[in-house]
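Please go over the structures that come below.
Here come two complexes built around chain A, the first alongside chain B, the second alongside chain C.
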Partner chain A sequence: MRSKKMAYVSLVGCMLFTMLLSACGGGNEGAETKSEEPEQIIEGPVEPMGAFEPAISIDAIRYVGEEVKFPEGQDIKNNVWTDLYTELGMNLNYKWIVTGKEQYDSKVNIAIASNDLPDILEVNATQLRQLADAGQLADLTAAFENYASDDLKKVMNIDPNALPSATFDGKLLAMPSTQPVIGGSAPLLWVRADWMEKLNLDPPSTIEDVIKIAEAFATQDPDGNGVDDTYGFALNKDVGTSGFSIGFMNGYGAYPQIWVDKGDGELVYGSIQPEMKTALASLQEMYKNKLIDPEFGVKDTIKVFETITSNKIGLLSGPSWYPAWPFWDMVKEDSSIDWVSYPIPSQEGGNASVQMPFSVSHYYVVTKGFEHPEAIIKMANLYYEKLYSDNAEFEKYGTVTTDKDSIGVNKYSLVEVVNPNKDLIRQEELETALETKSDEGISSAETKIMYEEFVRYLDGSNPAGWSGYKASGPDGSMKQLRILNDEGKVISNGFVGAPTETMGQRKATLDTMEQEVFTKIIIGESSVDAFDKFVEDWKKLGGDSITQEVNEWKQSK
Partner chain B sequence: MNKGLWRQWPLHLMILPGLIIVLIYSYWPMAGIVMAFQQFVPFKGLFGSKWIGLDNFEYVFALPDIGRVIWNTVFIAFMKIIGGLVVPITIALMLNEIRNALMKRGIQTLIYLPHFLSWVILGGIFIDILSPTTGILNQLLGLFGIEPIFFLGSNTWFPYTLVVTDIWKEFGFSTIVYLAALTSIDPSLYEAATVDGAGRWKQTWHVTLPGMVPIIILLSVLSLGNVLNAGFDQVFNLYSPMVYESGDILDTFIYRIGLEGMQYSVGTAIGLFKSVVSLIFIVVSYVLASKLANYRIF
Partner chain C sequence: MNHVSNSRRLFLLINYTLLTIVALLCFLPIVHILAVSLSSKGAATAGLVKLWPVDFTWSSYEYVLNKPQFLISMWVTVQRVILGTGISMLLTLLVAYPLSKEPHQMKFRTAYAWIFVFTTLFSGGLIPWYMTVRDTGLIDTLWALVIPGALPVFNVILLLNFFRGLPKEVEESCFMDGGGYWTSLWRIYAPLSLPAMATVTLFTIVGHWNSWFDGLILMNSPEKYPLSSYLQTVIVQENLSNMTADQAAAMADVSNRTFKAAQIFIGSLPILLVYPFLQRYFVKGIVLGSVKG
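Showing the complex of A and B:
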């Protein structure tokens, strides 16, 4: 749950971020499309955007995010996207709609348990495996091959694991929903630039330097209020699962909670590697020296954000969108505050490799017996076509700007497929545009709007452009991630898809143990050597069989 | 009997809707108990899933930490039951002595208010109030020279913090129940006691308390069924890995194992275990109540 909470926080953050910056995308060099023999015979000409004749009716279920708003005259059953579907002869018929992803997940679990499924629905990896094992899903292999637009095929192949994670026994049983996870989660080091200047500190070049900055921030009264009320480094109670700790651990070459290839092709669990022990020892030392809030162990991310916005912490690791939230909340109140990002330095100097999750967190499936599985492919085609292609109509289907508000109408679409590198492409285009002072190279209308916001931010007429500029500007956090990505220093979880059998049975227990041991080591209740016992216990209590299953999975791919 | 039934048929008819709801929502789902003995796969359903006997129970009780989780649950729940009886009774007796009706009602309403706040909100508030550095409680204790206590981060203090905050939130509600019981005591008993020369204290001891015994026993019997319910909402919003050792309870444990991993059968098994233990406790306490206090529900 803690990781779920964190995921939710990052999700909200991402949404805020995308709402502020809006989306863009475009062409991307993808791998070659995998060729698979279509088993179905398609009659008549196949058009990726062709309409169904006669119109078909599709049963579906969905959730609406808490943040979703509607322009006047539209609602979730009646909006630009449903109009578009109707035009193509697809009449959506929602069996139920709930607010919020968490509620949706549990309702889908119930729907699965009571075998009451619609034609099309969104599922997570575990639900996908359950449905696939039960033989409840329609084979999308031929539909994808025949109907997917070139753009869609390209996007689906950027993350080489995306399609295989939805393929069971050679059959494609789901459409993965890819998301821009680099911009969403890969950690960077965020530092209060005004504090660094005040205390005459240099940018960090090793992880040791980071600790030195933390020490200076904790002891030298960076906020100048004469009270010893600042801490050095932010941490929350989700040790090893939240960005605060993940970034710092990455600096030591430790990759909590993900499966990494140690070079010999075998996947090992990041949390039990010796590098983790070093990282924990270092955190313990920092806690002992009062560089870390003694109450971190009870604080969730929102609580830590409160400490940050109340000028008590000026150094943390976190994703690229932090300028949008929480930093902008401080900067808009006090323009003397400034934040700057650095790539996480390693122990020996130079940039450390940082981790990100798998780019697919959910899937769209068609239940068996539905006659037109290609409908889901067409919807995905539409999403990409209307938002990111050369024929995009972003002002109509992406973000509608009214006098008062700008509303993300793209959220009404039933399926969502985003280029995993969207954020990086946008940054690159913006940087070029700022250099050449022309928006000619920008591929989407929305990035053009952002470019104009940047120009107005730079001439001082748009102070709110700060957060966008900090992230996607020429020296922004996204630029640093782009460089890391080009150097191959952003690593993703080596194991993707549904949990293995032992994972399903043991992971919750093992995760609990991991968090408890890590927390106790940091607060000094256990010695660093408790880590060795943890590794032993982890292996004994199911970790060894999980490792075996993970590697068997890898061999089978 | 038959004649009585005939005369009372409109009353029985009125019970019917409630009865039907209980049958549909409380009895019908009990069929799902069989899942505890199966390796339940949704699409195979209750009839198609494989029977595995007691494997689910063996699995749950072989999990490391199960011992400490059960101990925490019983310990926290037991203290909550005791505190949840003693505090409201005391407060109700005290309120009963207040003659100013406005003040009595005012206090009654004020202590009842926290009952309406959810633990999601209170969790955030308590983290602030109980903070060892900035929390108002520790600042108060500091005035008396007491070192700051990390109520939510220390394994010594955490269970007691749970109990005290839970009682604070809920005692207003039970107080109202006991106050209602007090009003039903026959005033002539007090008059008689006064005539016999009993003071307020003796009246309380010999008239008020005995008058409350049935409701006290009823509520105790009902609450004993909660001996394995230590309060999911509260613990979930207040605990953290630092205090798993003293604060992890059956419900939070199963939440992490069952709901995150979709292990329906394991969840059912532990639910069944909880129900059986609760049933035993209710039966035992009912027998005790009928023997000791001559109280009968049936």
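Showing the complex of A and C:
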């Protein structure tokens, strides 16, 4: 009886394995036939904006952000951008479309694993490395050289690491999607101006002053409701990875989660430097003195925004765009509320250097075997041409304004390549325009629209212009970032390659440990000296080999 | 017999208090979501809403009910629940009945049972699953949501055990009267096992209603998402640390907690309404299935 049973089991097992094996075999076969197709050869002079004759069909996949809206009669498959592509002989055929970046990432992982790739797709750094190692990507070196417009080449070279990060063994295998991360991430200090005035406080000139303001806000009832319900400084659960804590740590010269050059050309990991210990000690002290929300350890950014909007916090560090969200939500309800930004002060006084991530977080790739890899370069050319060049048609391809609202149609473009300094240039042009009362010096239609908004904000007819003005106005947060940038006080991640081997295996664990140790230190569960043990553990548990790999990467560049 | 001792009374008191607290803990989040959905945006953003709406307004519901995508997704879910539950119940019944027979009635019963059990212990993994669905041409159709999980083995085992618990004599009487296995299944076993079937149906309905991952992976465009997949894309927050200044302004627009709450609430309402109707079978079904002999 028993042996009979076993026989059945093994029979079934065998059958399943055969099925599994044959499935795998099929997948590999597909990959091989694809890679055997000849490489694209480019000859003669080419036109960056030339149309394909005859028209080509391009398989693509994409995601649509949750915030993306469409004017009447347009959708993601039929809109001004797809029309533009069709005009140039590029017929886009979306294999699938998904809502949300995170969802997109997991679908791409599945597409890669099941060898179900379209001709053109967007990938993150890890996926890029994976596809490059598997030899599944088309070489874009020649296509970029021949087809990229001068504008595109210029933008690609603003961040010197952008193109190298997409180059493998001397071949350009992807188009980096550069983004204006300085305006998106570099931290500033945001303070409730009305509270400062009420409590007669001076703008902070050292990081110690910041703590003094926090103390005043926490203890002197700045909102005047007679209840002790305010905190001094905002913090969320992602210590060391969210702007709330990063800005404060930058004030102490600590740069969490990024690789910094210590001056001798060697890259070191910011989170384990001695400056971090000082920053944590200071946060611990603040927590002990009840300057920090005791529930910060369970609050995400949105929850902290709620605390801010309900007048409980008036001091925080964060990116330049906070006036748009969440501050505007409060200011539109109560115009007596005002926020002001300062550069993060350092310990000794003066502006501290602040950190920002690498300007490229995703890439556009063409899979091997697609006959027209230059199509992606042309799309990038178009994006720049139609939005930011002298021939830009921003009202058509950038932002469409209807009676009800304005819609950012530039989001329908499959390829997005933005000047990393876009926000700073915009601020500079706006400032000049406001001074000279003329928009002549403004180079892009987008900025001209903003200038109009500013003018109407200043004469009182457009109160909603507040948030734009706070960010990009003459004294706005972007201005402060621009000054910092000019002084070389904005530090970018020194390591911009795809995750190294040990990072792939250990980084998640190390990050969790880092977060735990930092949080425990801040809430006083561990003493500050636990930091030394953390540094030791970090090195032992793979940190040392990561450091080595990162520096080997740097040597090789 | 009517006399209840003091210690018993104390036990009941504590017991009921604890159970009430647990019940409230399950209930309060729903009340909170409802309250948020009925509040004004300002109050919700400021975190002022606890269990009662602040600045009462229906505007979120108007917005949601006028949002085509929400209604489309709702319809997809309704279709998948009806189709999926129907197919799933039929298959479960057809598999559980023969497997509940003795080996002399059903040859190789053990082997068949093993094949089914094997799938609960080992699965091909995500990628083979995806490739199977793709290569069978189901992808991007409603069937992709219905067929791949059409036979929940756990439910089969539940029903199978319930069948075994039924007295054999009932079936024998059916045979005596000239009925075959089909007659026995449809006229004896199915009617007798209503409690177990109700339980299994409930599992299946809830499973279909809540399942979001398959919709996200197997559908090629957002218009075909079932409700749960759609809600997932609405609720999961984009990574704020990777946002550009221009995106932030747009995100501020959609980050409306009252809209989200309204969608969550409407989305869970139908399934909440199913429970009371099937609830009375629920406990009985699960217990009866597990006790046999």
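In the analysis below, the second predicted complex is superposed on the first by the 513 of 557 C-alpha atoms of A that agree within 3 Å, B and C clash if a C-alpha of one lies under 4 Å from a C-alpha of the other, contacts with A are read in each partner's own complex, and residues count from 1 in each chain.
The definition used in the following text is that contacts are C-beta pairs under 8 Å (C-beta built on N, C-alpha and C of every residue); 3 or more make two chains touch, one makes a residue touch a chain.
This is a predicted model, so every value here is computed, not measured.
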**OP:** Pick one for A:A134: touches chain B only (first), chain C only (second), both, or neither.
**Re:** first
**OP:** Classify the contacts of A:A125 with the two partner chains as first (chain B alone), second (chain C alone), both, or neither.
**Re:** neither
**OP:** Could you tell me if A:T509 is touching chain B, chain C, both of them or neither one (first, second, both, neither)?
**Re:** first
**OP:** Would you sort A:K520 into first (chain B), second (chain C), both or neither based on which partner it touches?
**Re:** first
Original post:
Regarding the shared-chain residue A:K299, is it in contact with chain B (first), chain C (second), both, or neither?
Top reply: first
Original post:
Looking at chain A, which partner touches more of its residues: chain C or chain B?
Top reply: C
Original post:
Thinking of the overlay built on chain A, is A:L541 touched by chain B (first), by chain C (second), by both, or by neither?
Top reply: first
**OP:** Figure out whether A:I377 sits in contact with chain B (first) or chain C (second), or with both, or with neither.
**Re:** neither
Subject >> Partner chain in contact with A:A113 - chain B first, chain C second, else both or neither >> reply: both
**OP:** Have a look at where A:W325 lands relative to chain B and chain C in the superposition and call it first, second, both or neither.
**Re:** second
Original post:
Where on chain A do the contacts from chain B and from chain C line up?
Top reply: 106, 113-114, 303
**OP:** Would you mind writing out the residues of chain A in touch with chain C in their complex?
**Re:** 5, 8-9, 12-13, 16, 20, 23, 27, 64-68, 94-103, 106-107, 110, 113-114, 116, 179-181, 183-185, 241-243, 300-303, 305-307, 309-311, 319-321, 324-326, 328-330, 333, 357, 361, 408, 418, 423, 467, 471, 478
Subject >> Interface residues, chain C side, partner chain A - complex >> reply: 42, 45-48, 108, 110-111, 114-115, 118, 122, 124, 126-128, 130-132, 134, 140, 216-217, 219-222, 225, 230, 232-234, 236-255
Original post:
Of all residues in chain B, which touch chain A in the complex?
Top reply: 41-45, 59, 63-65, 124, 127, 131-133, 150, 152-153, 236, 238, 240-242, 244-245, 248, 255-257, 259-264
**OP:** Under the touch definition given earlier, write down the residues of chain A that touch chain B in their complex.
**Re:** 1, 4, 106, 109, 112-115, 126-127, 130, 134-136, 237, 239, 294-295, 297-299, 303, 499, 504-505, 507-509, 511-513, 515-516, 518-520, 523, 537, 541
